[in-house]
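Okay, structure first, notes after.
To keep things simple, chains are lettered A, B and C as they appear, and every chain counts its residues starting from 1.
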Amino acid sequence: MQFPSPVSIEWIATIIDAKITGNKNAFATGINELHKVEKGDLVFVDHPKYYKTCIESNASFIIINKETEVPDGKALLIVDNPFEAYCKIVNHFRPFKPVHSMMSESATAGEGTFIYPSAFVGNYVSIGKNCIIHPHVSILDHCIIGNNVIIQANTVIGSDAFYYNSKKDRSVWYKKMPSCGRVIIEDDVEIGAGCCIDRGVSHDTVIGKGTKMDNHIHVGHDTVIGENGLFAAGTAIAGVVNIGNGVTVWGQVGISKTLSIGDNAVILAKSGIGGDLETGKIYFGSPAEEASIKKRELVWIKRIPEIWEKVMAKK
Amino acid sequence: MQFPSPVSIEWIATIIDAKITGNKNAFATGINELHKVEKGDLVFVDHPKYYKTCIESNASFIIINKETEVPDGKALLIVDNPFEAYCKIVNHFRPFKPVHSMMSESATAGEGTFIYPSAFVGNYVSIGKNCIIHPHVSILDHCIIGNNVIIQANTVIGSDAFYYNSKKDRSVWYKKMPSCGRVIIEDDVEIGAGCCIDRGVSHDTVIGKGTKMDNHIHVGHDTVIGENGLFAAGTAIAGVVNIGNGVTVWGQVGISKTLSIGDNAVILAKSGIGGDLETGKIYFGSPAEEASIKKRELVWIKRIPEIWEKVMAKK
Amino acid sequence: MQFPSPVSIEWIATIIDAKITGNKNAFATGINELHKVEKGDLVFVDHPKYYKTCIESNASFIIINKETEVPDGKALLIVDNPFEAYCKIVNHFRPFKPVHSMMSESATAGEGTFIYPSAFVGNYVSIGKNCIIHPHVSILDHCIIGNNVIIQANTVIGSDAFYYNSKKDRSVWYKKMPSCGRVIIEDDVEIGAGCCIDRGVSHDTVIGKGTKMDNHIHVGHDTVIGENGLFAAGTAIAGVVNIGNGVTVWGQVGISKTLSIGDNAVILAKSGIGGDLETGKIYFGSPAEEASIKKRELVWIKRIPEIWEKVMAKK
């Protein structure tokens, strides 16, 4: 999330009760979790295992629970509980704001757009021109919908990320990381019925121009999908995935988190993707491989009884 | 889609600005895409690869982008862009008609039917007697629901087909083919929660009498399902599939497009169906085979290390 | 289902027109189907194959279609159609009660809870403190939601069980077994968007304290899930499953009915679970095995061509 304007880190230190070391006079331009952090951002870290990664990331300001060295120009904000401090900042800039009608007064929609009376449109949502928003669609706060977009019935745009701070030595193991990112849906996109597109936990989930999705698609937080993609029913894409342009994904595929899928890759139905995929290739299986390799493997499996017979014949 | 009454093809040629060759004085009774085309129908074709198939199909009238021979009694309607012409005809007979309340004034429901206040019922929908339509169900235009039907919460009946005219030499690769078909749900059917049943792109999607569906089921456009079927949660059925009577499909199964599934076939959980299935047999796996064959195969895989040892022992 | 207070079985015999044998003066405390039956309960059986199991179960009172011996202290209620009798009792105690607004007058919600205007809350629902119920959520009759619970958009809590009385010698093979159970969601739970949690057919479906669910999760009737579980998107859990504490289930997993999953078990993405799982182990595959075994098996499959070559080389 980018702040509305740069924020003095001294002021941030005050609201989270932190000690600052390093570049005390700087201004933060946003806050992000580690995967999406950019120059000028705040980030938090609460486990020694990740101290180094965070301090050396693009982040300029690190909320941390240990005083340690800090690179030139960066600053540490030292607190007992960095996760709680992160939540405090996020909730300050994105406070929960109830909506008491089907369309928030701060939401806007362009000319030629029709929103069914039973669709819900949250705070600060922006919908472009010539869109159709079908019955029982939920578009939650801050999401941005382009022009000529169709969102079919009962789809959710901007559900919260499935993202928790996890510690198994307390009674509630998983504490919700508040989602301050958005969903951005570009022009000429169609999203089928019963889909759920999560907002970014700290950045944006993006569905690129001209991409078409079937029913029951899940897209995780901070995932970025390119242009002219085709996604068939029942496919689930985890968080922080990068999908290129012109990708075709058939039904009931699963794609694991933080992967990269090359342009024009094709994933056949029911595949499970656990690693990056190359541009223009066809994949199949769970775990998936190039479809030609996988298909040869299926033929080899059929030949096991023949191999057995040959081996036994030589006894 | 059948037209409300037969339509002169000369009049159709006027609205799409077409040149007619062949039987100019005929009347078209409907319009369909190739998979579902019937005698009296208009169909369109825009790729030389499919010219012959379309001209020789059941279609009586072919909207085409090349002047060519036409069988006796049929007519060609020659235009530059047959896809745009098809859309123009469909949109003429099924124009988008906004609804400004939770139940369209043109919708009807029989005696003893209860529709929760938060369900949406679109234009020209007909619901039979003694049905329960649960909260946040969306029943879209022109769908027909029989008697004694239960549709559980947040299910969508009549979402648009996932069907696009595809050309990769323009900036938007996939252009929406408007869905003018319906969903027909026969008597005594129950549809679980969170399901999406797509309307036919040009014909009807049908759920047969007495069939029961669990939650999160997807049914694609123009698919026809028989009577007394049982479909467990998370199953996705693609478009233009023909499923017989008494079929049992367990959870998270995927069925690919345009297939035929025989009466009383049983598909075990998580199977992926890529070919037609025979009557009364049990299938498993992805790609699926008869369950008995698949299970034997799994046993053979377990024996590979034993085969390896035998082979190595003979060195 | 427990009755509001103990009910004389003579009175029950009257409403279902049954002949009583055995302990005629007893009082029934509830009614359950066989999987969940407890002492004091009524149960029904209509097939000779299950007579013995039902009569020897925890049930105190058996609705049955044959006069037979009955253990001391128990009673039989003999009728022609035990299934219809069961339905009659259930419908007497849980009659269908229409709701004409978005929140039933008999529903309650605690301090600090925000319910979006487009959420539906049914009869006798109880929602705790500091909850957020997002747009287009459906919470159906009798469900109980704890404190600090988040239910994301378009999720259904308390859909009916996928549970039918099945007889293939009548025109409608599957007759709906009315669901009289509830869903109980304990404190600190989060349920993602587009989920469907079925109520118990006769008992309770429970989501334990601190458990977090992603989008598009299906939970079947009477399933009991422990504390601090983590369930990723697209997972489907069938009915009457028992899941321990601290269980982690990745995306698109399927778990078959009536299974037990041990504490802290981990199920990797896309697995299909067909048997009980042990405490603390990691599972993968469909059908699933311990992940280490399954991974070794995948390596062995890759070696089949090598084995083939060795075998052929010896010719």
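Definition applied: a residue touches a chain if its C-beta (ideal position, glycine included) is under 8 Å from a C-beta of that chain, and two chains touch if they have at least 3 such contacts.
Here the structure is a predicted model, which is why all the values come from computation and not from measurement.
*Asks:* In graph terms, nodes being chains and edges touches, is this line, ring, star, complete or other?
*Replies:* complete
*Asks:* Since chain A and chain C are copies that touch, is their contact same (over half of the numbers shared) or different (under half)?
*Replies:* different
*Asks:* What angle of turn lays chain A on top of chain B when you fit their CA atoms, given in steps of 5 degrees?
*Replies:* 120
*Asks:* Could you state the distance in Å from the CA-based centre of chain A to that of chain C?
*Replies:* 32
*Asks:* Quick one: which residues in chain B touch 2 or more of the other chains?
*Replies:* 118, 136, 154, 194, 216, 234, 252, 286, 301, 304, 307, 311, 314
*Asks:* How about chain C: which of its residues touch chain B in the complex?
*Replies:* 96, 98-102, 118, 120, 122, 136, 138, 140, 154-156, 159-160, 162, 164, 168, 171-174, 176, 194-196, 198, 216, 218, 220, 234, 236, 238, 252, 254, 256, 272, 274, 286-287, 297, 300-301, 303-304, 307, 310-311, 314
*Asks:* Would you tell me which residues of chain C are touching chain A in their complex?
*Replies:* Touching chain A: residues 114, 116-118, 132, 134-136, 150, 152-154, 188, 190, 192-194, 209-210, 212, 214-216, 228, 230, 232-234, 246, 251-252, 269-270, 286, 298, 301-302, 304-305, 307-308, 311-312, 314 of chain C.
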